[in-house]
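To keep things simple, chains are lettered A, B, C, D, E and F as they appear, and every chain counts its residues starting from 1.
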Amino acid sequence: MKYIETLREGERVSNIYLCKSKQTALTKNGKPYENLILQDKTGTIDAKIWDPNSQGIDDFDSLDYIDVVADVTTFQGASQLNVKRVRKVQEGEYDPKDYLPVSEKNIDEMMSELTQYIQSIKNPYLKELLASFFVKDTDFIKRFKFHSAAKSVHHGFVGGLLEHTLNVTKICDFFAGMYPLIQRDLLLAAAIFHDIGKLEELSVFPENDYTDEGQLLGHIMIGAEMVGERIRTINDFPKKISNELKHCILAHHGELEYGSPKKPALMEAIALSFADNTDAKIQTMKEVFSTVPQGNTEWQGYNRLFESNIRKTSEV
Amino acid sequence: MKYIETLREGERVSNIYLCKSKQTALTKNGKPYENLILQDKTGTIDAKIWDPNSQGIDDFDSLDYIDVVADVTTFQGASQLNVKRVRKVQEGEYDPKDYLPVSEKNIDEMMSELTQYIQSIKNPYLKELLASFFVKDTDFIKRFKFHSAAKSVHHGFVGGLLEHTLNVTKICDFFAGMYPLIQRDLLLAAAIFHDIGKLEELSVFPENDYTDEGQLLGHIMIGAEMVGERIRTINDFPKKISNELKHCILAHHGELEYGSPKKPALMEAIALSFADNTDAKIQTMKEVFSTVPQGNTEWQGYNRLFESNIRKTSEV
Amino acid sequence: MKYIETLREGERVSNIYLCKSKQTALTKNGKPYENLILQDKTGTIDAKIWDPNSQGIDDFDSLDYIDVVADVTTFQGASQLNVKRVRKVQEGEYDPKDYLPVSEKNIDEMMSELTQYIQSIKNPYLKELLASFFVKDTDFIKRFKFHSAAKSVHHGFVGGLLEHTLNVTKICDFFAGMYPLIQRDLLLAAAIFHDIGKLEELSVFPENDYTDEGQLLGHIMIGAEMVGERIRTINDFPKKISNELKHCILAHHGELEYGSPKKPALMEAIALSFADNTDAKIQTMKEVFSTVPQGNTEWQGYNRLFESNIRKTSEV
Amino acid sequence: MKYIETLREGERVSNIYLCKSKQTALTKNGKPYENLILQDKTGTIDAKIWDPNSQGIDDFDSLDYIDVVADVTTFQGASQLNVKRVRKVQEGEYDPKDYLPVSEKNIDEMMSELTQYIQSIKNPYLKELLASFFVKDTDFIKRFKFHSAAKSVHHGFVGGLLEHTLNVTKICDFFAGMYPLIQRDLLLAAAIFHDIGKLEELSVFPENDYTDEGQLLGHIMIGAEMVGERIRTINDFPKKISNELKHCILAHHGELEYGSPKKPALMEAIALSFADNTDAKIQTMKEVFSTVPQGNTEWQGYNRLFESNIRKTSEV
Amino acid sequence: MKYIETLREGERVSNIYLCKSKQTALTKNGKPYENLILQDKTGTIDAKIWDPNSQGIDDFDSLDYIDVVADVTTFQGASQLNVKRVRKVQEGEYDPKDYLPVSEKNIDEMMSELTQYIQSIKNPYLKELLASFFVKDTDFIKRFKFHSAAKSVHHGFVGGLLEHTLNVTKICDFFAGMYPLIQRDLLLAAAIFHDIGKLEELSVFPENDYTDEGQLLGHIMIGAEMVGERIRTINDFPKKISNELKHCILAHHGELEYGSPKKPALMEAIALSFADNTDAKIQTMKEVFSTVPQGNTEWQGYNRLFESNIRKTSEV
Amino acid sequence: MKYIETLREGERVSNIYLCKSKQTALTKNGKPYENLILQDKTGTIDAKIWDPNSQGIDDFDSLDYIDVVADVTTFQGASQLNVKRVRKVQEGEYDPKDYLPVSEKNIDEMMSELTQYIQSIKNPYLKELLASFFVKDTDFIKRFKFHSAAKSVHHGFVGGLLEHTLNVTKICDFFAGMYPLIQRDLLLAAAIFHDIGKLEELSVFPENDYTDEGQLLGHIMIGAEMVGERIRTINDFPKKISNELKHCILAHHGELEYGSPKKPALMEAIALSFADNTDAKIQTMKEVFSTVPQGNTEWQGYNRLFESNIRKTSEV
């Protein structure tokens, strides 16, 4: 991997980059050319394809990963690539971590852990419902593994939605063990589904921004509707469990003013809202501290989410 | 119509009543009999069928309207009916207004007005969507005309949902005329759909109470999901309009703390939330004043909804 | 009209401008001269009268409209006018729209519409009260037509107070038609008077800023007191109606935290507060969207008033 | 004074009582008689005038003080007066403290203290304004001395408005001494005027309840308008001082949600709102403790105003 | 054990009861006797000692456990004990569970579990601090095991403080395992100490009510001060850890409006506040459901703590 | 005193400055030298000690006051001192007002006034407690006189804590005179102690910033604990008074959301919270106005603390 921040004038580079944008323009002579912005995790660089129809220039779109052969030039003080050859590459030829913020944990292992929780569910309807998404729906699985859980705040990286979902599920499993009145199957299903609406609320990387649907409806409503729609495809799915499950999703923000249209009215909805809130807050604090050196206990300034100045704890 | 509050011991009555509840019991001798509570708009009365299997005692369930022949007796100081004959009657044999709180307005005329608004919609997708409920779905129409808009507060009577929906639609139509930027088709569709979730949130009369689904999900979520589900049956319904329509439904309470998971973000959502709030508040005040004599401007005491002592205005 | 932004060095200009400020200064030689800032809707320009006592230099004050004959020069890189002749002009010689933000609607037509609503009032006391301002008090009428309804937010332009008042009156008239319990005369009078306190809360254009009185008392108190003072000049004006009318003015912001010292306690006060809020919010959104091209449905960013990201609706 | 609670059947009583209500009724024979309720500070008693037109029965109205000669009888287990003679008495013939809750302090002495504060004012306009109410307006003075400051909470007794006003004035005078930036004349005038709107907000004793005007406008608006109206009768009263004084009255509740339409924006408005709040809270607590024996430090239960359980302090 | 609700007239009973109150009175003949109220978990009964100075009547006080020999009589329709002999008993002679609400869990086992968590602490200062209370201070241990965690709401029973503390500790231990940035020693110490102030805030059973100190200071302040005072007895206890630990105790209610004088500013304070809130809410719901039959999913009515109607979940 | 802002290149200066920071560095040749920042109330200047071990260079630390002999040079356009001799000076050799923001009032006189209030306390326990700090603890006295009451807002200067404490005490003394139910000894003790926690919450000048302990615990908790700790050293100090005094300190912010863990429950706690709030607000406004010329009544802009635009009052 030849990172963008290391490119120097005069080099010839042959490497895979993410094409963040691609636009056709005209030279002063009226000849069409392509304006690209290429990206990796170290930055972005402008690139030009002066002869788009020449041999070696394959078809591709913005947000594709492309293998380029190019010369590094300088234009108005900034580096630029003069692209000679382009090939759209396949998944597997590159490692997304080189291009995007990615979970520190192994995505496949997390997905496997999550699947094991699904295996442990005993209620046949809830198990079938979960499997219809997380076992049988390969497109869903692929998107779920790749998605973030936020635009910025917490878990805003590839695999973030999965990592947060798995953490919340673990906490809920622990709560189900501690409190016998909790219906474990319902709580785990709710934990696993609670944020799936984020698949539609946020666009995929590298954009990772609120969609029109996300702005208008929000992931709570979207997720509850996704689950409701799938339930209608399962024969005899009990209405009561359906409503309880959707309630847990709707109420998982815990308070009306945080966007839940209902306050938690079931023990599982209470437990889920605490599990979600705990993981979100701890992860947010962890991300704030990610650039603070080990052992540093200086105050980091007022943080709006915590409504307090915060700092790392001394290592006792 | 022989009203319950006029029944006197020794009379024989032959009249149609609403059977509010029906339970089988045993006499001291171990013989089964039926305990009924009969209702009309003037009150309720206990009734007994001592010989349920005799001729003239038809099958019926609680919440059926029944034509009873009975003697008025007295038991422990209260009137009671000794039922001799029972016949379950058909719709059309009785006037629901004799049994339940009913809108003062003509329900069929209101429904006709509402349908005319639908006819005036120009966007083909929204028109088809509205028609699929309000023109083609006869079961839906029947339920919509009969339903209330609330358990108690405002429009808590037969036809109340229709009356409130029509009022909100009228106000929205007026706003669309005043403000050219408003998309009339979207706003009217949203107005007509905004409370349809109440069909599931509240059970039908005479119960008219929150359902399990209503408690857990609320009419906002239920209504948006009903619309979303129907949209999926219409070819090429534009995603953007779908989201905008559902947004208006979700945001129609105007504030997160009133149970909307999203604040109004479109001009139509703003307009709808004001139209809904205006009709709800004025109707509530009207209902509080319903027992205050004309010309009486005494203070009626502190009202929690208005956070104020309220009174009728002097007639200027 | 020769707009300021088109003036070029060497030109001689003869045109009417608004004199935004005027100050006497002394040259290095101790000779008095006048420093002016002239304004039209395209910008401002410095101007000097080097010989204030010469023939052709009439008397005038800042905020007067003046007809100037001047040479365009350049001083320290900026254009400047060397004024040769000045004449204070009369109303009618110029069009305020060339100098200030002005309502898109015809001010006289709006005033005529408002007067017709007053004609429709039946209660003689309310009618006399309204007429004492809007029919007989020519100075008031002139000020009312010229005033804005806000420093910035909504209707912050010449004619804005009239436009907003007319809109609120229209909505209230519609509500009075829908809800028979509403006392139309009271509601319309309250609508027409609700913001007259802004005549004192905000200074006139081109300043259009909060006055000392506005900061200390606010338009709600000022308006109620203006109405109360005038009522005392009308024989036998009923005390009850007087209090009801002033209540509607006091309560028109709907909530204590928005500056109303009383919550709406009468049906008309409720209706007025919704009408006012609806027009204010829709107009605010319209002004935010005024620079967004037709058909553009991009999100415009978080808006504090709406507590939401907002966008134009797609044209269905 | 023969107190009502001491009356016994068979006695003849001759004493002055307050007539709380008076209604004409008919005996079974169609003869008119008068139904009275008489009151003193120990309770109320029914009284009948069986022969209203006989000699010795003077004209009087409800809320008059009357000297009655009557026999004490018993009717349905309760004492009753059979009135033989009635004479409406003049002020001075009775002591209001025998009939109504009255300040523990000497009302005339308090009024004298207040007047001395007015004498100490140096600004001629404020002094003239204060004198126009508190020195020259004998009707105002009489009402002010007799009025309460509240329906129930604090200072709800004869002389209460004066007692509270004097206390607030004393605190403000102290603050003016501590903080040189405070304009003493303005602050004292504002303190003396701050609650005069209560003269109209609450009806006089023995009713002492919210008036229609009080409900609709509130004492803050009423008081500011009373002051504004009087100012217009004083030549050349400076507009700026007028606005500052009215601002202090408007803002004296300190917060919008407590009914002030403006937050305190001047140092005197800040000081007044604290002085008012301090006296109100301490007096409220004192009244709660009025029935708690000396030395008793038991918890008195949750108090809504203080949002806390409260108790008397141990005597250190 | 002979329970109070089973006593019948004519029986002679010999059993240990809790003496809830004891007062000396005089018979009509002026002879002193003792009025007792005896209690067990099935109810209370009046008891009389007619001859307090006779042999067999030992000294005892209210809130002592006493072994009584008495005859069951009836007075004015209620059972009563005529006490013949009384002996104050020692701890160990009775089982408090027969007299007071007691945790369903084994108190000694819970205490043992808690001690094991203390053993697992590695930081020597925190370990010594914990041990100084929970290992070495036998009086403290005894009180801690017996105390409740609340007057009413949640864990309001003997052993409740221990049960709640252990639960919170378990959840915190789980969080420490999930989130490597958490300082486990600090978090566990904070969890174990977080509610020790309740030992002073609430009086011991059977009273279990707020103390004067509890009302005035609250368990948060009391607990932090108890820990601070003990820390000063430990040589070289690091100031930073002391402040962090006290911060976690102060902030454990999570929000200022819930009585924490500081918002959580450390990750451990965040985690503790969630653990505490989760256990409190789940336990409260469990207690509300304690009288609801298994399988019953009816709505239990609006609950103020949850700001919602609540019900048991269906058993999936 | 030779102020820093008057230093000019080429001068030799011999003067006392505050050493704000001191760091050892190495020249390019590897020779150690000292980098200083010196401060007085007119600004700061860089200074170098090129030969730290030479004669005449005494030992000193940052935040010491030092007498320096130095040449004024220029480096990269800024003045700099080349230090030849340094001597750490003793208190008394300099006037802190030349270096730091200092109260306008005489600190010793204020301390004397405060001490007289302590002399007037009659309760022996409270008097001993106060004396243990303010009479006998010379280190405490010295720190108390020098401390500020805030980082920025109000009384953020040397002597500020004393000045604020004295003002609050005066107001409380006045309240105690007005309201006989107030226990003067308790209230004055509470007033004098209410902010002593600021000695630990804020570091001393010239830093005057939140300490780690201040951030984690806050001055309310710190102060209450300081008082509690000292009380334990006084024989037989009554528990009830101890709790009441600590309650007043805890509750002095008046509202939970302002950081008090308890709402005021005693009359003295109410009085103290008003006295504290009054002095804080008036002093804040005074500091905002400190740069506004006399007689200037222009609006100073929106102020977050007052939630209002504010201005000076006209001088009536």
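For the reader, a short list of remarks on this structure follows.
Throughout what follows, a contact is a pair of C-beta atoms (placed from the backbone, for glycine too) under 8 Å apart; a residue touches a chain by one contact, two chains touch by 3 or more.
By chain, UniProt protein names: A, B, C, D, E, F = HD domain-containing protein.
Only a predicted model underlies this, so the values are computations on that prediction, with no experimental measurement involved.
Interface of chain A (HD domain-containing protein) with chain E (HD domain-containing protein): the two copies contact each other largely through the same residue positions, with over half of all numbers used appearing on both sides.
Averaging Cα atoms per chain gives one point for each, and the point farthest from that of chain C (HD domain-containing protein) is the centre of E.
The distance from the centre of chain C (HD domain-containing protein) to the centre of chain E (HD domain-containing protein), each centre being the mean of the chain's C-alpha atoms, comes to 67 Å.
If you average the Cα atoms of chain D (HD domain-containing protein) and of chain E (HD domain-containing protein), the two centres end up 50 Å apart. Within chain B (HD domain-containing protein), contacts with two or more other chains are made by residues 212, 215, 240, 244, 262, 265-266, 297, 309, 311. Residue ranges on chain E (HD domain-containing protein) touching chain F (HD domain-containing protein), taken from their complex, read 212-213, 215-218, 220-221, 224-225, 228-229, 232, 239-240, 243-244, 246-247, 250, 256-262, 265-266.
Across the interface of their complex, chain B (HD domain-containing protein) is touched by residues 123, 125-126, 167, 170-171, 174-175, 178-179, 181-183, 185-186, 238, 240-241, 244, 262-268, 270-271, 274, 277-278, 281-282, 285-286, 289, 297, 306-316 of chain C (HD domain-containing protein).
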